[in-house]
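Quick heads-up: structures coming right below.
Here subunit A shows up in two complexes: once beside subunit B, once beside subunit C.
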Partner chain A sequence: MKNCYLGVDIGSISTKGVIIDEDNNVITSSYIWTEGNPVHAVKKLLNILKEKLPNNYQLKGIGTTGSARKLIGLMLKANIVKNEITAHAIGTLNFYPNIRTILEIGGQDSKIILIKNGIITNYAMNTLCAAGTGSFLSSQAKRLGVKVEEFGDYALKSKNPVKIAARCTVFAESDLVHKAGVGYLKEDIIAGLCKSVVLNYLNNIGKGKKIIGPIIFQGGVSKNKGVVKYFKEVLKEDIIVDPNGHLMGAIGIAILAKRNKTGHNYSLEINNLKFVTKAFECNKCPNVCEILKIYRNDELVDSWGSKCGKY
Partner chain B sequence: MTKIAFPHMGDYYIPANYLLSHIFPNTKVIKAPKITSKTIELGTKNSPEFICTPFKYTLGTMIESINKGADTLIQMGGGCRYGYYAELQEKILKDLGYNCKVINLVTEGTTNFKRINNLLKKIDPKFSKIKAIYHGFITFKMVKYMDQIDNYIRENIGFEIEKGSFENLKEAMLIAFSRVKSYRKLKKTYQRYMHKFKNIKVHKPDNRIRIGIIGELYTIMEPFSNYFLEKQLAQHHIEIKRFTNVHYLLFEKAHKYKKYQQYAKEYFKYNMGADASDNIARAKYLCEKDYDGIIHIKSSFCTPEIGAMPIISNIVSTYQKPVLFFSFDSATSETGIKTRLEAFYDMLEMRKEK
Partner chain C sequence: MTKVGIPRSLFYYYYGPLWQDFFDGLKIPYVVSPNTNQEIVNNGLALANDEMCLSLKNYLGHIDYLKDKCDLILIPRISNFKKNNQTCSNFWAIYDIVKNLFPIKLLHYNIDLDKKDTLKKGLYKIGKELNKNKWQIKKAYKYAIIKEKKRVKKNHIISLNKLKSTKTKVLIVGHPYNIYDEMIGKDILKYLNKNNVELIYSDKFNPQITAPLSKKISKDLYFKYSKENLGSIVYSAKNINGIIFISSFPCAPDSIANELAMRKIDIPYLNLVIDDSSSFTGLETRLESFLDMLGGKLND
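Moving on to the complex of A and B:
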């Protein structure tokens, strides 16, 4: 029996899961849409992984990361729950020990992680606003009638990318409508969108940060060749895009689960698990907190959201 | 009978309450309810959208204290937009149909005794100046003692052996301070509690993580407005250094400015308003004293701090130290703060291990 470790990264758009062995090699992985229901998505994910996993492996640790990390961590009884910034850095460093900069653009957030000698030295994450992230591109794709997966190919065809005011997603859309109405080509507009994502990112998150190569670009948007092209153009550096780039967070958290192993055995079997969350508003004080109670097999395991510590 | 009230900021309602109730024995001091989500909702609803967040918080407490019966509100002013708070808030409150007056005790960060005397006469024409000076002195001492205890707590709360011992003792301390009636009693209370705090058992490892918190004054001092940042840090066993407190603002700021300017002269030449230049010098100080990281917090749209931020990132890149910038708004998501804070803590720990 060989040991293996599961890492689950539950993002806003997609849920990623990997199983690694003792030497950090990926045994099997899966990538599915979250569709707004992390509990359901994780159940589906584990079923897929269970089928793919060879019989001679025993699960020795589970780690969760991503926006639903806490909830799923409770559900799977994970031995480690960590934020996505740390997980991404650890995962990437496993494959690229000399990396200096990680650019990451996901569905709703974008971050930059600066690394020196294998340690994170600085990071930044978008605050207040999600302009220039994956959701921005997919909402514009819908308006243009192009699949977001084909965005990159369109962008590469363009010779004169259009300038688009992309500070705010909604205003970018009005600018886009205007540009389309004036008669610009579709590929030029798409190329302009990709370029605006890059400029927005560098002006917002990358502000004041020294971006030194080697640079790796990750997250869902890294699949977009147009954005990669403009990153190369603006930064004047080579950009690495790993085919497993979308799994880095999950791999990172699996490695952390391995480092923090408890010695217990874990199981991928959760089909019979009843996992329910109930939300209500507490009216005991003017804070009116939204309390979330979490039940695992009808047993209250945790409640969140209280400001005064009553729950 | 006049009913006075004042906006909340941290635990400073205790000295403020002491001062007002002793100077004006014939008036009633109304303590605003504790800041809750409702306070900020009220404030946001009635404020200009892009005003700094402390304006919204203080307006919220003002409305809440008017609803409790107050008719005279005390506000202060500082060297930034803070200087306009009192006038603007009075106008907004009048437009909302409340009959009240707002008295601005400090303008542009300076305290002119003649002006304050005239203002206090507006509240109660027969107030005794000698009593005011005497009680003013006690209040200032109270502020000093409370700040000293708070500094001690901040350095040690992350390392308490029995969970909650600092917090429980602090609650008892606040009650004791609010019962103080004379200078002798005040000093005794201070000594007693300082002794008790020092007797709480702590386990401080040598390689502990130390963080300096700098930034805009209200957001730093009102824990509700910074989403209990210090509490969250303490849970991660971090020693916290904070410079800004009321004692600093009232007594140290004026003469420390020159020292700060000399200390960080390569980074700024002119006063940048509010606490911005102080924070630049503090960032340099924290880097030179080898703190592990700096957290800079401000309310959204705080102009002086926005000016200081690029200079601070310049300083930390020279010294190779990490800095985390937070901008708190009435609509900030708490999960976002937690994620960034956690990542910051992980980063500091990883740096420490190497």
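Moving on to the complex of A and C:
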């Protein structure tokens, strides 16, 4: 029996899972939509991974990352739960030890990580505004009647991208309506959108940061060739896009699960698990905290959200 | 006897202890509003217009809480500490805003050093309005000022000792009314303390030492409190591992100070802007990764 480790990255839009061996090689991986239900998505994910995993492997550790990391961490009894920034950096450094800058645009967040000699020296993440992320592109795709997966091909066809306000999704959308109204070509509008994502990113997350090559671009939006093209154009540097780029967070957290020696024997069989979250408002003080109670097979495993620590 | 109400917000975090000592000296009863809670935030939101920053909205919530619990509410108008030492324009306006919003009596003084309106003059004016004689006021003022000076000195020494700590040291930069507010910065501080980080606060240094140092970052800055914030960064830069800048949305002076610090200081830096709808989940992701970065946990 050989040891293997599972990393699960549950994002706002997609859920990613990988299983790695002792040498950090990916044995199998899967990428599915979260569809607003992380618990269900993870069950589906594990079923896919279970079928793909060869019989001679024993699961020795589980790590979770992404926005639903805490919940899924409890559900899978993960031995490590970590934020996506750390996970992404570790995953990327495993394949590209010399990387200096990681650009990442996901479904609802975007981040930049600066690395020197294999150590993170600085990073930034969007705070109050999610303009220019994957959700923005998919909502515009729906408006234009184009599949978001085809955005890149359309953008590459354009010779004359339109100018679209890069600050805010709402303003960008009204720009878009206007440009479509005066008869611009679809590919020019899509190219303009891709460019606005790049400019928005560099003006928000990237401001004041020294972006030095080698640069790698990750997250769901990195699959969009148009955005990659404009990053190259604006930064005047080569941009690496790894075919496994969307899995870096999951790989990173799997590596961390391996390093963290507290793991034990796990099973991928969780179909019969009952995992429920119940929410209520506590009215015992003026703060009116929203309390979440997490039940695993009808047993209370954790509760979150109270300011005073009563729950 | 007249009872004075002190809102635990904005100016309280600069002058609160001094005011309390002063009123103690005058034997005037006072009531301080409680720590900000969700109800105060909601009441403030209902009263405020949407251009106001979160801290100012909360301030209105505190006034709302105090309005029927005292006879007078203390609201100074703090405009400047001589040339190039301005405060936020909201600090000039808050007295008039409250006067227009609430039908309550206010206790008020100006700090406007350009017009020679000093703190001393202000506190004497208050004392007079509370029907105290010159001698009583003089005694109370002296008592309050001496204690305040001792406090500043003590805080500075504590901060210097913290800079020598062997733990991971993070400088918390921001306005004290944001850092220590229960609904703005408190959760951040709690999280960091739980993770065994030594916290050094920008406002706990002696401002007379830190403020002039801000010239190394910018010579043109004219906000007094931003100068103190940036000065504290310069002052402690060599002895800290990281900086967390906490501000409330949408603070104008902070937006400048933050940009300057981010570009000119070469230390791991995290900016957190807090809004009334911010949930701690998002903040936790940022704080956790920031601590991972400082701890260098990535290269084992």
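One rule holds for everything that comes next: the second predicted complex is superposed on the first by the 310 of 311 C-alpha atoms of A that agree within 3 Å, B and C clash if a C-alpha of one lies under 4 Å from a C-alpha of the other, contacts with A are read in each partner's own complex, and residues count from 1 in each chain.
Rule of thumb we're sticking to: a residue touches a chain if its C-beta (ideal position, glycine included) is under 8 Å from a C-beta of that chain, and two chains touch if they have at least 3 such contacts.
Owing to the predicted nature of the structure, the values given are computational and were not obtained by experimental measurement.
After superposition on subunit A, the partners subunit B and subunit C are seen to clash.
Of the two partner chains placed by superposition, only subunit C is touched by A:93; subunit B is not.
Applying the stated contact rule after C-alpha superposition, one finds that A:159 touches neither subunit B nor subunit C. Of the two partner chains placed around the shared chain by superposition, neither subunit B nor subunit C is touched by A:274.
Looking at the shared chain after the overlay, A:259 reaches subunit C, while subunit B stays out of its contact range. In the superposition on chain A, A:82 makes contact with both subunit B and subunit C. In the superposition on chain A, contact of A:288 is made with both subunit B and subunit C. In the superposition on chain A, contact of A:210 is made with subunit B only, not with subunit C. Touch criterion not met for A:236: it reaches neither subunit B nor subunit C. Within subunit A, the residues touched by subunit B in the first complex and by subunit C in the second are 67, 82-86, 118-123, 125, 127-128, 208, 285-289, 307. Contact residues on subunit C toward subunit A in their complex (touch as defined above): 37-40, 187, 249, 259, 262-263, 268-269, 271-273, 275, 278, 281-282, 284-286, 288-290, 292-293, 296-300. Note for the complex: subunit B touches subunit A at residues 33, 36-39, 300, 310, 313-314, 317, 320, 322-323, 326-327, 329, 335-336, 339-340, 342-344, 346-347, 350-351, 354. The residues of subunit A lying in touch with subunit B in their complex are 67, 82-86, 117-123, 125, 127-128, 208, 210, 285-289, 307. For subunit A in complex with subunit C, the residues that touch the partner chain are 67, 82-86, 89-90, 93, 118-125, 127-128, 207-208, 259, 285-289, 307.
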